[in-house]
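Shared between the two complexes below is chain A, which has chain B as its partner in the first and chain C in the second.
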Partner chain A sequence: MTVRPERIVVVGASLAGLTAAHALRERGFAGALTLVGDEPHAPYDRPPLSKQVLRGLFSTDTTLPRHPDLAADFRLGTPATRLDLDARRVELGDGSRLPYDRLLIATGTRARPWPDREEAALAGVFTLRGRDDAQRLGAQLQAKPRRVVLVGGGFIGFEVASTCRDLDIPVTLLVRDAVPLAAALGPRLGGLIGEVAREKGVDLRLGAEIERMEAEAGRLTAVVLKDGERIEADCLVAAIGTLRNVEWLDGSELDADAKGLRCDGYCRALRADGGVAEGVFAAGDVARWPNPHDDGALVAVEHWGNARAQAAIAAANMLAGDASAMRRHDHLPDFWSQQFGLTIKLVGLTEGADALAVVHGSLEERRLVAAFGKAGRTVAAAAIDSARWLPAYKAAIRERAPFPPIEGAVDQPRIRVQEP
Partner chain B sequence: MKVVVDLNRCQAYAQCIYAAPDHFALHGKEALVYDPSPGEAARGAIERAVHACPVRAITAYPDTDTKVGETR
Partner chain C sequence: MSGSTLFEQILDPANRDNPYPLYAEMRKNPVSRQEDGTYVVSTHAELARLISDPRISSDDLPDPQKFRWTGHPVTDLLVRPVRAEIRKRHRPFIFRDPPDHDRLRGQVMRCFTPERVRGMRAKTQKLTDDLIDKMCGKTRIDLVDDFSYPLPVTVICELLGVPPEDEPQFHGWATQLATALEPNQRGDEETQAKNEVCFNEIADYIQCLIKEKRKDRQEDILSDLANDADGMNDFDLIATAVLLLVAGHETTVNLITNGMLTLLRFPEHWQRLRTEPDLAPRLIEELLRYEPPVHYRTRLALADIPVAGITIPKDAPVIFLLAAGNRDPLRFPDPDRFDPDRPDNRHLGFGGGLHYCVGAPLARIEAEVALVSLVRRLKGVSRIEDPPPYRPGASLRGPRHLRLTLEGVAECC
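Presenting the complex of A and B:
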């Protein structure tokens, strides 16, 4: 792979794809650069879609800024349908073929559809992933539905619930687990957010699942829960996770399945036989790779920050020539969420954490930084309305510093370690 | 203009709000909301916001046309 690339194709025209395109140009790549996107829209930002876009604040056009000299060929509204590794060629839905010297796969994910097809097709039933979804749901919310039911105990569900309350729309949030947001924040902080949601008027139901939907003339009228309760609602948002866009790689010999496209630590896509696919890289939600912050576990990190960081590394490595000049993708996972007026931020991975220590502020104030420990090591830190303190913990998490990371400091004489 | 803020970086110093009050706002103590697509007339204010941000979290460029299937 030492020959300098002349043609680079990026499949996926969203945050990762556009970030890579910028990074390639910044690094001096002057050849032909093509971005392929299945949506008709130029690359746009998704985080505002569950928040301000639904609320109708500011413009709903979240098109990402592009450098005036990017000089990329955008093939929008045309999905990639096939990859031929031997011929080094991507085929598009319109029948055209794009040869490449380097390929970046950044096809991301899509919303997991509601499993019952008839119910999913009802008027008033939504998922939220793309710009068109946000436009449709936003129009529905502006028309003041009588009640919105949100399904799913993740951040999207909570953010949309928050937006509904801002618009003074009654909202029921159905969470299958006993504690909301526990997978990302642990039960203590997840529980705190649940408490805040209830105070803001969200009808939060834990351990709740839908048995079936009721409809009249093809329009949602109510949901019936597994415990038999019936809730009248004319709008439902299913925020029940994502599916990875890997189907177009079927038959390509890449190691791709529902868990994502497997890569090595240098963002190089791997073949099913474990070997590196020459010239093929991956970044963003679709990629899973051995994460150094998770003991080398093969995981995909579906966050905005990872998409950007991984795309930048992939771009650098696409131009690196041989492997010895490549950089490892060792981004520390991070994300934010805004809901109910709070800003929640996390760095690191809380999975498997066995201890929590509030190191600034307090749970009672709802303004705090909490460090997470796992077997005596610091693995993550979360901030609620305390973003300025959070970067200070990044180094401790990277190093897996002893937990709690600070003890006996002048301003923090006693840090109480508790269950997460 | 097109604007994006890296909200992982943002620490709510709120300097953008002083620089471009019509296009950036805080909801609650730290939740920054902003106009992702301000008009060309806002260019000066947006550029001041970009430069005022102490953590360099704001990226803004003038609009570029991309139509479906079109080059560039």
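Presenting the complex of A and C:
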């Protein structure tokens, strides 16, 4: 690893890949730089796809800005198919082979397809991940479907439901769990967003699952729920999570599975035997890394902010020479969502949280900051329409401040610790 | 003054022309307790942190009314207490906390649209051209009285919808009320009494104006605020209008004057701005770092706040010495150098957090138009005195006069 790299290959031409490419050049890397992408599009931004693009406010062209002097070779529309660690070589779908001195794996995730293949292939059934998906679904929404059925109780499902309501399209949102958005926000705040969705006209069904779809001439006409209810709909969006793009690493000896590609705190990919894979790094949604804010528990974070932060660290470490000069990826996860007129922001991770306290505003006003505690320490904070105070809570989470943090503050109700 | 505290020295008008060595001294302790129990924050990292800390309140003003018996029972027992109560509950939002602050600021932001602000550029250019035209044939000018003051006053009055013929009245009012932002001035009784009279006058005036705007809605901010269906009540409306008028006056005056003074001190940048007007946005950001119009703001600690190894105790007044953070060598390499090419210039010239300057986009446009036009058209400019005389305020710090000699004025292109 002490030799200065001359050839760097980045597999994955989305936010993490492009951010890393820019960072490599900014840090003076003057060698050959290749970005491999399975989609035909130049790197583009995804957050607007479920919101402004679907609504028809932005065009589907959300291409990310690229520095004019980036001087990278883009191999777009050609997926990587195999990695040979010993030969230090990536093979592409078109049969070409790319040797590397350093490799960044940033292949991200894809939408989890609807499990029934025949149903998934029906006209009117969609998933949403890329800009082509957004284009197809957007066109369908502009044509005013009679009813959209959304499957999935996560943020994509809620954002699409919100967009549909903005377009005055009837929506049924099917959530398998008893509370929506609970994985990210906990049941209390998830329930609050669910209430707001209902008020905005979403037919929200909790504990609901699809038994089967009905179709005529290859077109969706209705869904039948497990409880037997039949709902007529000509459009369905399956927002049921993601799959990590790791299949191309099969046989490479890297420690990659459905949970992601395992790496160490310096973004170095690890082998199945636990050793560092020399010269191979990972960033973005595909990476699974030890989170220093959670005692090193392995985590994969599918957030815009993490993709950028991790790519920048990986790029720096690719050029660092040896481990003593490398930086640790200690990004505090954060993300935002806009739906039903609310801006939701979260810092930290709520997983395993055992306590919640509203520290500004109130649940009734639907304008609040809530802090999450785990074993007496502050681990996360969520803001609904009041993100201005979040930097202070971010600092508290980083410092693992006692829970509840920051008492005696402005616009603070009497703090009552409750279950999240 | 050797016996006085560092912050007292900063407040001393004798140090107004160059407070920066005192700021450097202050930064030796990122958060430093003064003898009177005030805590001064002077380093960039600590400022950036505390400016977004919810335990810091902006509602820091001392009780505005001290009881003085006038001998008239109706006045003393009814009129004045009611007025005091109203004034206390309807302060301008710069002195208020969420949730009231957010609601009022949100209503103002809805009127202060990017389109409306951008639309002021042409008007600003026209006013600038006219003011510079008036300098033709003169060999001596006072940049403050002849240019820096009239330009932003006219712009903010137009934006708000104050009729041009009433502008002169605002001069006195705005100058007087700006003392509310100077803790060393607002404390004494005489200033308070003057402010009270002044506020009553301006409030009466604005109340009349609001009535007119409701009868005859115009294309201006006051009309929008006065006719907003779920808008603010009249007391908040008056306080908000006063705030916008005062804030729109004094700060931009300083920005333009400081800008010209800085460009005269560093003639290579004067030349660059003449030939490269595209430099203006970056040059103005550097100006906001190097010679900001607002040097500090005051706050109040609502709880014990541990920071930089000490604890700011509950109820302590806190001074955010923003201009010192702007010269912090830990954040800005070679901080005392004026360098418009400075990368990553995240200065505190417009403050930060939820009280970040509402008028920032307008100030940027005004400063850009003014400085680009002045360096283009004024020929053979020299300073008659340097440093120039400063106004007394240590927070809204700026020259009272900037007297210059001219060799000529180029035609407006």
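Quick note on the criterion: the second predicted complex is superposed on the first by the 414 of 420 C-alpha atoms of A that agree within 3 Å, B and C clash if a C-alpha of one lies under 4 Å from a C-alpha of the other, contacts with A are read in each partner's own complex, and residues count from 1 in each chain.
By our rule, a residue touches a chain if its C-beta (ideal position, glycine included) is under 8 Å from a C-beta of that chain, and two chains touch if they have at least 3 such contacts.
None of these values were measured; they are calculated from a predicted model.
**Student:** After superposition on the shared chain, which partner residues are touched by A:360: those of chain B (first), chain C (second), both, or neither?
**Tutor:** Touch status of A:360: second partner only.
**Student:** State whether A:407 touches chain B only (first), chain C only (second), both chains, or neither.
**Tutor:** In the superposition, A:407 contacts chain C only.
**Student:** First (chain B), second (chain C), both or neither: which does A:388 touch?
**Tutor:** Both partners, chain B and chain C.
**Student:** Going by the contact rule set out at the top, does A:76 touch chain B (first), chain C (second), both, or neither?
**Tutor:** In the superposed model, A:76 contacts chain B only, not chain C.
**Student:** Residues of chain A touched by chain B versus by chain C: which partner has the larger set?
**Tutor:** Of the two chains, more chain A residues are contacted by B.
**Student:** After the superposition on A, what does A:203 contact: first (chain B), second (chain C), both or neither?
**Tutor:** neither
**Student:** In the superposed arrangement, which partner chain does A:334 touch: chain B (first), chain C (second), both, or neither?
**Tutor:** first
**Student:** For A:62, using the defined touch cut-off, is the partner it touches chain B, chain C, both, or neither? Pick first, second, both or neither.
**Tutor:** Only chain B; A:62 stays clear of chain C.
**Student:** In the overlaid three-chain picture, which partner chain does A:343 touch, first (chain B) or second (chain C), both, or neither?
**Tutor:** first
**Student:** Would you please give the residues of chain A that touch chain B in one complex and also touch chain C in the other complex?
**Tutor:** 367, 388
**Student:** Given the complex with chain A, which residues does chain C contribute to the contact?
**Tutor:** Listed in rising order, the residues of chain C that touch chain A are 49, 52-57, 97-99, 102, 302-304, 314, 353-354.
**Student:** Under the touch definition given earlier, write down the residues of chain B that touch chain A in their complex.
**Tutor:** On the chain B side, the touching residues are 1-4, 6-8, 10-12, 23, 27-31, 33-38, 59-62, 64, 66, 68-72.
**Student:** Provide the residue numbers of chain A that touch chain B in the complex, in ascending order.
**Tutor:** 40, 42, 45, 47-48, 51-52, 57-59, 61-68, 70-78, 304-305, 308, 334-336, 338, 340-343, 345, 367, 385, 387-388
**Student:** Inside the complex, what are the residues of chain A that reach chain C?
**Tutor:** Listed in rising order, the residues of chain A that touch chain C are 359-361, 365, 367, 386, 388-389, 391-392, 395, 406-412.
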